[in-house]
Structure formats: structure tokens, C-alpha cells
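In order of appearance the chains are A, B, C and D, and numbering begins at 1 in each one.
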Amino acid sequence: MRVLSLLVALGALWIAFPARAGSILRARLNSDIVSTDPGTRRDENTDGVLLHLVEGLVGSREDGSVAPMLASRWSISADGRVYTFTLRPNVVFHNGAPLTSAEVVWSLQRYLKPGTRWRCLEVLGANGIAPVTSVTAPDLHTVEVTLARPAPIFLTTLARADCGATGIMHPDSVQADGSWNAPIGTGPFQLGEWRHNQFVQLERFARYAALPGPRDGNVGGKHALVDELRFMIIPDSSAARAALIRGSLDVIDNLYPADLMGIRGREDLQFQSVPVLDCYSLLIQTQDPVLRDVRVRTAIALTIDAKALTKAITRDTGSPNNSPIPVASPFHGPAEARMRPVDIPRARQLLKASGYDGSVIRLITSRRDPQMFDTAVIIQAMAAQAGLNVQIELLDWPAHLARYTTGNYQLMVESFSPRLDPTLSFGLFIGDKRQEPRKVWDSPRARALLDEATQAADPAVRQSLMDQLTLDFLAEAPAVVLFNSSRLSVVRAAVTGHQNWPSAQPRLWGVGLH
Amino acid sequence: MNGKIGIALIGLLLLTIVVGLLWMPYDPNAIDLAHSLSSPAANHWFGTDEFGRDVLSRSMLGARISVLIALGAVGLAISVGTALGVLAGYLRGWTDRLLMMVTDAVLAFPGILLALALMAVLGSSGSSIIFALAIAYAPSVVRVVRGTVLSIREREFIEASRVAGDNAFRTMVRHVLPNIVPPIVVLATSLFGWALLSESALSFLGVGVPPPAPTWGNMLSASRPYMDVASWLSIVPGVCIAGTLLGVNLLGDALRDWLDPRRRS
Amino acid sequence: MTLLRFDGVRIETSGRMLLEDLSFEMASGEMLAVVGESGSGKTLAARAILRLLPPAVRQTAGRIELLGRSLTQMSAPELQKVRGAQIGMVFQEPMVSLNPAITIERQLAEGMRLHRQLPSDEIRRRCVAMLERVRIRDPLRCLKSYPHEFSGGMRQRIMLASVLLLQPKLLIADEPTTALDTLSQREVLELMVELARDTGAAVLLITHDLGLVARYTTRAVVLEKGRLMEVGTTQQILTNPRNPYTRRLVDSLPRGYGDVAEVPDSAPVVLDVNNACIEYPGRPGLFRPGAPKRVVQGVSLQVRAGEIVALVGASGSGKSTLGRAVLGLKPLAAGVVRFDGVDLTSMTAEQRRQFRRSAQLVFQDPYSSLDPRLRVQDIVAATVRNAPDADARVQAVLEEVGLASFGTRFPHQMSGGQRQRVAIARAVISRPRLVIADEPVSALDVTIQQQVLVLLQKLQSQYGFACLFITHDLAVVRQIAARVIVMSAGSVAEQGPVATVFRNPQHEYTRELLEATPTLHVPTEATRVSR
Amino acid sequence: MLGYILKRLLLTLPTLLLVSVGVFLFIRLIPGDPALVLLGEGADAASLAGVRADLGLDRPLPVQFLTWLGHAVRGDLGRSIFSGEPVSTLILQHFGLTALVVLTAVTLATLIAITAGLVAAWRQDSAIDLAVVGAATVVLAVPSFWLGLVLLLLFGVKLGWLPFVGYVPFSESAVQAALFLVMPIVTLTITESGVLTRMMRASSIDVLQLDYVTHARAKGLPESTVLIRHVFPNAFAPTLTLVGLTLGHLLGGVAVIETVFTLPGLGRLMVDAVLARDYPVVQGCLLFTAVVYVVVNLLVDLCYPIFDPRVTAR
């Protein structure tokens, strides 16, 4: 018994452990960040953390539109090829150096070098749809970027979070030989200590020059209200939930619906759910001998009760949706809102007509997130009602990606990360399978409509094109979109100012502890 | 005495499997999203899981699959391990040194990781788990068998068989093999327990038998997020695994005493 | 004054009677033997004195008194004071009589430190003196080393030293030399008796060997299956035993006088060994191969059909190795072995298969030489398995060895003697021309030994095979062999007809061996332990 | 002695080479490669090929292996594809924690096994014996991660005595770190003590029947001395071999327990590396585990003669 009492004493001491001098906000990451080099070696968690450190010329507002950040304003030449940015005055880097056009040019040129492996090189690089030909600095506060051809998508690409928001950094961020060192950005926080697989610690940047006005998406007024921001790496979600309840954690930004058990309804926790522009869908390989027949594809689609599935898997936080355009997107009109009804008898009829002999159809899924796994289990059960012999093949994430990238699957559950622009949402599905085997919908007509929509600037024209694409998508059923999930966040009562938003990134500026 | 408890527990397990073949309260894979996570009640004696599937039916089907996987893995590991162990122990010389080097190399891999990697290569299916676990366990079988054969090899009846004109192969089959049955039987019982535990550990690390097929292992690891709200989801498979292992270990002890002539006299 | 008294002592285990109503007395300084075959309860009686019975065994009645004080009623702490200080005990198995994990010094000193509060240098001095007394070379090095570095004989002597250091009043010796060969047996026993006499200790000798009783003890207690058969002086027990069991025990001692008829020269030479040498590979070092150790050096011998030739020598003299080499189981480093005139190394495949059936081996340990998983009939049929009349021949040979109805039994369901008969049946079933018997009876009780020897002689006279009989017991040689070959340290010391070699041995080693073999002749008081 | 150690180490080189070749080929057999994981689902063929070239994965396998081996021999295990951290520092960082947990747990388990095993064998078939055997058998039956989860829920969440998330290293605060490790160590100690106790009891029963134990008693030594000085050293030898084998395995990382208690140990590092196809990290870790396994077994063999002098190190 003596040992037990010692433990209790130590435990009590631990609770009363005085918080360190400054206030610490502890947020949870479900896996370690990949690197501190924005937009290159990254994943969602990495983007989220680094956006507290670096800022781009422009950023995206809450509704996804582009807004000024380090550039106070910009002008586009008549032929739409030359963008001239004017930099905001008295902005300072974390190492105290002032922001000038020289650092902007250095940063952009570094991103465009193939060696950097920048994620958005695919768009702004030589063979992208908006290739950048030159970046110059006419004077200390102006930067001119010239494109090979006009592309309205240039600014949204600069603001893309998965490209590190094209964060402008000071040349000291790299070592003499050009290899990466640490991000010296202009954000409200600066990098403290990164201890692998344990935590990433950020400290408040006292000399941060905040924009006036309230916070809006990645832009607007960004104020660090705590001295230290500690991203704690807790892979196990029930452990994270338990830590939140115990009070050793303040913010869980990205919660799985399954973890809502025991949280919703607690008065000492604030829960928020915001629809996200992602897309959970069942991909169907149209080149597969069995699934080539549209009747079989339609039959599969008819067995899936998207409403019941979404309710069960997202615990009422997701929104069922049969269109590639997310429910929360401004382009989600009446055409997109149409849901395919469940009709088992019709599905059986179609299958008999198509001569389906009950052979095995493999459905690939993985445990990248619990929703993907649960979706496959429910689809398998629902398809069985119509006599479809679906068998689940569970792979780990890299193997799943390999099968997706090479199109080597019959059925596959896939969750696409958020795309802010409707053409990008359809872009996930539409493509020529000969060049891009990962594309799902190989139809020349659809490709033409998509190209037209990408070029069109007038929203009304883009909306009618989107409606047409949705109609064709439902008719040909190259895939069955199931639902858009919501971003669930939960914070302790003591946390003030936390506002969840559709982007996949945590946003902890403007958040304090009282 | 504890042999009786062991037999009782194993008997209960076999009964569950046999009954499971004929009748199960519900279809183990039928989902009922409206009644997910309902606690044990009259209609569902062991409650339902996150998809509304009946936990009792899944444990009965799970029993069959988990036991089959464990038996398959142990059977393969024992047969391969025994063959190599006898060769290494009896022939000595280069065969022994070579086999020992290979077994050491495989033993140097942490068991679970070896199985994890094998599963990733073979794809996760029942048969690939059996193969992965067999490879993870074969080396320890080879070591035990080799040790026993080394001691039997010195016994005079082996020399007698050579005097009677038997060649090496015949001596191994007629005289060495029958005499290493007792240690192998005891090893098989403990390996069976380990196979059950490893299968659940593999499911815990996210590999293992593909859904929707239930095994006690994947039921246990799937119950993790609901442990504090739906505790029956982890208690049922946990108790099943622990009960079976307890039965197997007790049976193993009883077998060892019964087969060991010294203890019997 | 009676030192030790047994009064109606009964020992049982879970309902089975092991020792019933044993009563006898022992005076201080006396040498008393407790004689009986295995299973007679003699060891249990000895262990009951210090209450060291195995876990499931209890003394359920009677009293054991030491100098009038009842050991049976004594409390555990009191008994611990008696153990070692008053009564010392020496055990049978030299391999496990000393703790292999700790040095000799700690094992010797721990008794002293417990019972005699002496300073450690005084203890060390006494240990060295006692080790010298038991003729251990270089006692200081011996103190630092571990038990596995000594031979069986030396280990028993070290154990004697450790027990007698405490100068107990009574020394219990539980078959102290059964596992040793004749020479080291004599050495250990003579040393024990001398030391007991110096310290005035009485010796309770537990044995099954009547020869030892004759030579070393004054009175004897005879036990059979847990019951007291007879108590009396050694002279009276050995010359005219009153109890029928004792009489049978005495009669079964090998009594031959070397008068076995020799085989005529006309009989064909079945086995001809010429200048045979055998080596064991040394232990290889890191980079150099180990130096081979020569075990058998230039041995030549012949065995004719129908003849039993005894091959005698101490353990380690190479006789078993030679026995194996003659059957081709061990390669020869030099020299030639011919079977029916054919050199073993140049045999054709057919000749080799023929040789396998016509040269057989009978092993020493009945528990290890039969495969526990096979029935007797399968064991015996080994060499004639695929002969058409195999079953008939198996039944016939089983009848010949007196085990007609034992065909379906397993080895563990039979006694030592019965198993050795199975081994003999296995050897003779294929009508071999040569049988090597490697100490076939030394692991058996005296009465059973006699039956097996008689059986072997009957079978030989019936089938006329040549037999090379390996043993360390000269009494057995005198009973069954016509010629004898004495080996010492790997080479032949002397060979010839049994009668001539035993009457006037030429070689010093043979003389010593004869002297060490106890016979039934009871030395008068004067000649006992003259040296 | 030194010659023996040298010989043993030389003998393990082929095994280690076999392990590295096995690991090198093995992980490349697993579908999916680091380039895919890096670029995620949006990757097109061109950028995939670019990343593969960049990582040198397009070079022939033998060349890749020999360059890796060349560096490995000089102690440079390369860098993680994802974090760019040198693999050797990653391993040492994570191994420190695993070693601490495993060594403490196995030591405690061994101490428990020795006392429980000896007492149970000494009082064979008594109440204590049945209790010890019963407990050991039950402990063997309980899956380790289930035990871990129950402890975490009980002491971590419900009672809140012990922290179980956000591991804090010793450098920062010893008390905090120690408290954090209590539950994983307790879980591992319980699971490992089962098999060790059964082994110790079995070998103690065998030794208790040997003559030198009766001889020791015949000298009048009290039971405690007989047990400690005469029974323990001889009975512990086989158990020591088992401890060696267990240590060799567990030091390779207790992935399952590290997952339950979110401990950044070697097991966790390896599982994540395999799941992310971080080839250099996987190869480095597995080679390191093999070396640890070999060294631990050698150490056990070296201290074997203490308990059984007959097995002298030639």
C-alpha cells in the first residue's frame, strides 16, 4: 500500500503543477508534422502548423475568395498575363529583417525551382496551366510576376494552403548550400522547438504587424493571444479525448465523428461543426469488364442509401450529397442537390438485364481515417441486399494510393481533400485515363465542359456548365459521391475566440485562455 | 485439477463454434444503423456494435475464424519448424549451421513487425495472416525441436537403430520423430495462445482479417474508441480471448504432465 | 551405549507401504550395512533418520533415536542442529552430489561456519588438511575450482571431506560408490573407513553389493520390499543365512572359478582385430584444428565362434570405444578389423548389408537402449522387419528369452531385467555370428544379473555366435568367459585363459584390479583394512 | 574470453547481412512507395517520377543496396525521406525510451519470477503454489494492449492519478516523465512476468530433487540458505536464457504498448515508417534491432557461467 499512497501524492502534485510563466495553448495533432518547409514535404497537419508561421502575398477568406495579405493591392495587365503586387510597409520577418521585394522574389524563385519540389509547381511550373515566366522587383515595394498565358486560377493557386500559401520567407531560412534550415516567416507565431513524435512548440512573435479588422479565413486581423502554442502529437483519438476531459489538452481541431461519443452535450466543452469542401465517394473503374456496363454501375448506385450511410458514419455532422460539388460551395444549386433514390428491386432488375453472374467485386479501402473504413463496411452490406457479391480488400494508405494512382481497382472508397473551386472538384474525377490512370470519368464531352468552365470568368456561365456536368455525372455514374463531411472541433470552456472554418487547417491566432 | 478447467473452457469454445455452424441469433454482418451501439438487452444479449451488428453472433463467427487462423498458423509453423529442427539437430554439420543462421536472422525481426510487413506484401486475408504468423513462429519451433533432438540423438536406442542397419532418414522418421512428440504438443498449445494474441495485435495495428469478417482481434481493436461509452464492445472479445488462452494454457500444462513419463510415475 | 535405534519404523506414501516395522540398533563406532535390492526401502530408511524423505513420503509410525534422544519428535530447528554436526550423509551420484554452481571452498566451509564458530583462516586450514587427508593433489587449487573439474572418484572423496570435517558421530553412506568403477570404489571406501575410525564415527552403509558388506562391515540388516528379513553379524549372514531371501541373495553372487571350457582352436575366427588405434578429434581452437586424443592404442585380439571373450578394464580404458569400432560405428585411425576374414573398410554394399545382420550389440542401460515409443515386438523385429516369417521369428525368440506374452507391451511397462532380455532377443533374432555385449548386466540387481548371464550362455551354446563381453566386474568374467583381455589406458595390459590370468597376473594393473574386486571371502579381523 | 567474444561477433555478421538484404528487398515488395505518400492523391505520373529520381529509387536495386550498406558500415544510416532527420539520431532518440521501459519492466518481471517461482517450487502443490501458477496462467492469457487500455482508463481517465498523453522527456521534468512511464512499465511487467515465473518454477522443481540440495540440508543449513545459495543459482540458468531472448525481442520496440500509451518508442517509429514506406528509417531500425538482439544474447551467454560454471566461455 505504501507505493500506492506515494503515487497518489505525486499525482496530486502534478495537477497543482504551476503553469509556466506565459500562458500555453495546447492543441492536438493526430500525427507528427512531416517537415518545416512550407508547401514541399508536407501533409494536412504540416500545412496547418506552418500557416501560423508564414504568410503569402495573398490569402483566402472564409468563403474561399482571395484577399490581400503581405501585398496591400495588386493590378493585372490588360492581356491578363502580368500581375503587379504592391507590398505592405513596415512588415518584419521573425529575425527582425524588414520585408522588401527582394525577399519576395527570392521566395517565389525558390518555389519555382524544380529541386524544391513545391506542390503547386504542377500548376505554375513550365507545363502547368498558369506557367510563370518571370518574377522581377521594379522597386523596393513592388513585385511583377509574368505568366505565359492568362489564367484566373493564378491567385487562388498562390493562396492554396496545401502549397504553404506560397509563404514569403527570409533567405536565412536556408543554409549556405541551399538545404532547408527553418522557416523565418512573417506570421503571428515563430518556430520554437520541434521534438519528433512528441510536440511542435510555437512562440508568440511580439513584432507581428497585424492587418486591421477582424480575422477572415487565412487573412484579416491575426493576433497571437497566448505566449506559447504547443501542438501535442497524440495519434490515439480516444486518448486525446480523454486528455481533453482531464484538462491536459485545450483544443482538438480535427475530431472523427466516432470520437463524439461522450463529448457532445458536456457543458465544460464547446463543440463546433462546420461543413467542409471535401468529398467522400465510391469510385467505379469504368474499364473493368464487369463494371464497364452502365447498368451495373447504376445498380450499385441504387443500392446505396446515402442519407442513412451519412447519418451513421458522421453521427449527423456530415451532409449527404451525390454531386462532386460540395454542399458548402456557392455553386451547389438545385441541380447539384438532387439525390438518387434507393431502389433495390430496380437494382436487381438492372443486374439481371446486364447478365451479372454474382462474381466477386473487390472494394478497396484503408484506415487513413475511420470514415473511409466504415463507409466500405456499409456499402458492402447495402450492395449485398441486391445480390452484389462485394468483398472488401483492406490496404494500408500507401498501398491504397498506389492502387488509386494506377487505376488498379474495381471499387474504391476515396476521400478527396478540400478543393475550394468547383472546377477543381470536378477536376478530381474528369480526365483522360490513358494519360492519367487515376482519373475516374473518362468522357471527352465532360472534359470539354470542364475546360470551358476553367476559362470562363462569369459565374452564371460556370454555374450552368456545372449543372450540365452534374446531370451527366449522375447519368453515367463513373463514381457515386456519398457525402461531404464537417470539420468537428471541441475546445475546453476556458478557451476563448476559437472559430472552426471549412478549410482543413487549424487556426489558433485570435484564440486565448482566460 | 487445472487440466479439468482447461478442458471445460476448450469444450465451451468448441461448443460455441459448433453451435455457430448451425445457428446464430442474427446474420453477423447484417448492419442495422438505427440500433447501433445499443447495450446488452433481451433482443441482443451482448448488445450491438457501431454498425448495429449483433455482438453475440459476431463473437460466435469470430470464434470460428480466430481459432482457424490460430490452428492454421500453429500447424504450419510446427510442421515446417519440426522438419527443419530434426534435420538441424540430427545431421549437425553444415545443415545445422546454415539453418541456425537463417532462424537467427528471422528471430532478429520483432515478431509483430515481421507479420505486419508480410501482411502488407501478401495483402490482408485469412490465409496471408496464417502464413505471416507461421513464418514469425517457425524459428522458435526449430530451436525447441533442435534442442530436444540433440539430447535424444545421444540415447542408445538411436545407436541401436543404426546397428540394425537403418539409414539416417529412417532413424529420424522411426525413432527421433515419435520421441519429440511430447515437447512439440506442449509447444503447440503455447504457440496457439500466442497466435490468438498476435492476430488481435495485428488488428490493433490496423492490419489483419479484412472486414466485415469478425475475429476476436479485430472486434477488440474496433471497440477501442467506444471503450468508455460502450464497454461491452471490448469486454466480450477480451473475455473470449482470455478464456480461450486460459483454457489452452491449462490444457498445455496438463498435457505436459501427462506426457512426461518422469512426472507420471 | 547404543548410538542409533530404529523402533518399529514405518514409512508410507499416499496409502502405499514402503517400509514396515523396521527395528534394529547400532553401537557408536560400529560399521553396520543395510542390504537390499532396488525398491527394498533401504535408502528411505537412511533418509528418514535426518527426515530428508522425498516430498510425498512420510514416516507414519515408530521412533528413531540418536543417543537416547528421539529424532522423530524433534522440532525442525533442533533437527537442523543435529544435521551435519551429529550425523553426516554421503550420496550416490557423483555428478550431482556437489553444487555445480559454487566453488569447492564455499561448500566445504559453509558447514563449519554454521556449526563451529571458527575464524575463516582456521576453517581454511582445516579444509586444506582434510583435503590432503582424502589424497586430493594441490588442495589450494582444488578449493578455488568447481565440481565439474574433478572425476567421479575425486568428487566423492571431496564430499567425504566436507561431511567428516564436522566430525559427526554417525556417517550415513547411501551407496557412495555404486556409480564408480572398481578401483576408485576401493579407494573411496577404504578412505571412508579410515576417517571414520580416526574420528570414532559409526558408519551406516546402504548397499546392494554383498562383496562390500563382506569386506567392510561387522553386522548387516537385510531388507526385501520394505520388510526386515534378517539381522546378524556379517560372518553369519554370508556363511549360513537363516532367511530364504538372504540365502537366495548370497547364492546369486557370481561364484564361478574360471573353469569355463576353452573353445578348440579348430573353431573359425569370427572377429580378428589387428593393431587397432582409435582417436577422438580434439576441440578446435579459433584458428587451429584441435589436437586429436588417442583413446585406443595398438589393440589386437581374436574371438572364435561359440567362444565368450571378456574385455575388462576400468572406465575410460577404451573398452566400450573398441566395442563400437569393431562394429564399424567408430572409424579406426590405424590397424584392421576383419569379420569372417573380410576387412570392414573394403566391404561391398551387399557384404555390408550382410555384416549389419550378422554383427549385433547389446547395450548397458536397459532404460536408454529401447525406443520408449515402440512395442516389444517391433523393437525385436528391427533386423528382420521385411523377412516373410518375421512375426513367427519374433514370437520364437521372445519365447527363448522367457518373454512369450510380452510382445504387445511397451518398455516402460517392464522391469530392468525384462528389458535387457528384450535387448538380447533383438540381438540374436537375426542369427548373428558375432555379438558384442557392452556391460549388459552392470545396471541390474544381483539376482537379476544371474538370470541374464545364464540366458546369454544358453543362447550362445544354442546358436554358437562369437561373443565379446565388455565388463569391469571380474567376478562376472570368472563365471562366463573362457579367455580374458585386460585393457588399461587404451592398450592391452594382458590376455589369456581366465584361470591362468587370474591365478598369477603378470601385469601390475591386473593384480590391482583383482585385489580391488570384493569377494565373498570374509577377511578375519586382523587382515581387515590392513593398509 | 576476448577470443570467444570476437568469434561470436564474427559469427553474427552473416546473420546481420542476411537481415539487411531481407529488409531491403522486403519493404520494396510492399505495394506503394514513399513518392506516393509524399505527393498524396493529387500526384501525376511526371511528378511521381521526379520524386522517385530525386530519392534515388529509380536506380537498380543492387546499386541502391550497396550505397546504403557502404554508408551503414560507416555508421551513416542515411536520412528519413520525410523528416530529413538522420536515421541514427531518430533511432537513438526513440530507442532510449523503449530501452528504459523494457529494461525496467523485464528486470521487475525477472525479480517477481525468481521469488514467485522459487517459493512456488519450494512449497509445491501448496496453496501458494496454486496461487502463483494460477496468476501466471491468467496473466499469460490477457492480451497486453487490453490490459494497457484498462489501466489507462482506470488510472488515467477515471482516477486521473497518472498522465497518459503528451509524453514529456526526462530532460524537461523527471517527475512528469517518470509518472508517464508508470503505466506502460506496469503493463509490460505483468505480461512478461507470467512466462518467466512458470519457467523459474519448473527449473526450481527439477533442481530441488537433486542430491546436492538434500546434501545441503543434510549439513543442517536452514531452508532459506538452501534456497538462495544452492537452488537459485542452478535454477536461474534456463530462465536467464529466456530473459535474454525476451530482452532481445522487446528492445526491438513494443509497438502495441507504445501505441496504447502514445510513447514515441522504437516500435512506434518502425510501425509508422513501414506504414509510410520510409525506406531508410525501416532499414536502419531493423538493422539496429538485429544488432541489439545479437548483443543482448551475447551478454546473456557471457554471464551464463556465473550461474552454470560448466558452460565456460571457450
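Methods note: a residue touches a chain if its C-beta (ideal position, glycine included) is under 8 Å from a C-beta of that chain, and two chains touch if they have at least 3 such contacts.
Remember, it's a predicted structure, so these values are computed and weren't measured experimentally.
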Query - chain D and chain A - chains in contact with each - result: B
Query raised in the report: Comparing B-D against B-C, which pair counts more contacting C-beta pairs?
Result: B-D
Report task. Could you pull out the chain whose C-alpha mean position is farthest off from that of chain C? Result -> A
Report summary line: Comparing each chain's Cα average against the average over all protein Cα atoms, the nearest is chain D
Query raised in the report: Where the centres are mean C-alpha positions, what is the separation of chain B from chain C, in Å?
Result: 48
Query raised in the report: Cα centroid separation between chain B and chain D, in whole Å?
Result: 21
Report task. Using mean C-alpha positions as chain centres, tell me how far chain A is from chain B in Å, no decimals. Result -> 43
**Report entry** Approximate Å spacing (C-alpha centroids) for the pair chain A, chain C
**Finding:** 87
Report summary line: The positions of chain B in contact with two or more other chains are 120, 206, 224, 227-228
Query raised in the report: What parts of chain A, by residue number, touch at least two of the other chains?
Result: 236, 242, 395-396, 399
Report task. Could you run through all the chain pairs that touch each other? Result -> A-B, A-D, B-C, B-D, C-D
Report summary line: chain D residues touching chain C in their complex are 3, 6-7, 124, 209-212, 214-222, 225, 229-230, 233-234, 307-310, 314
**Report entry** Residues of chain C that touch chain D when the two form their complex
**Finding:** 47, 50, 52, 54-55, 80-85, 87-89, 91-93, 96-102, 106, 110-111, 114-115, 146, 148, 159, 162-163, 166, 283, 286
Query - Residue ranges of chain A touching chain B (in the complex, touch as defined) - result: 236-238, 242, 256, 258-259, 261-262, 308-309, 311-312, 367, 370, 373-374, 376-378, 380-381, 384, 391-396, 399
Report task. Under the touch definition given earlier, write down the residues of chain D that touch chain A in their complex. Result -> 30-34, 36-48, 50-51, 54, 82-85, 90, 93-94, 152-153, 156-157, 160-169, 175-176, 179, 182, 259-262, 264, 268-269, 272, 275-277
Report summary line: chain D contacts chain B in the complex at 12, 14-16, 18-19, 22, 26-27, 29-31, 133-134, 137-138, 140-146, 149, 153, 157, 248-249, 252-253, 255-256, 259, 267, 270-271, 274-275, 286, 289-290, 293-294
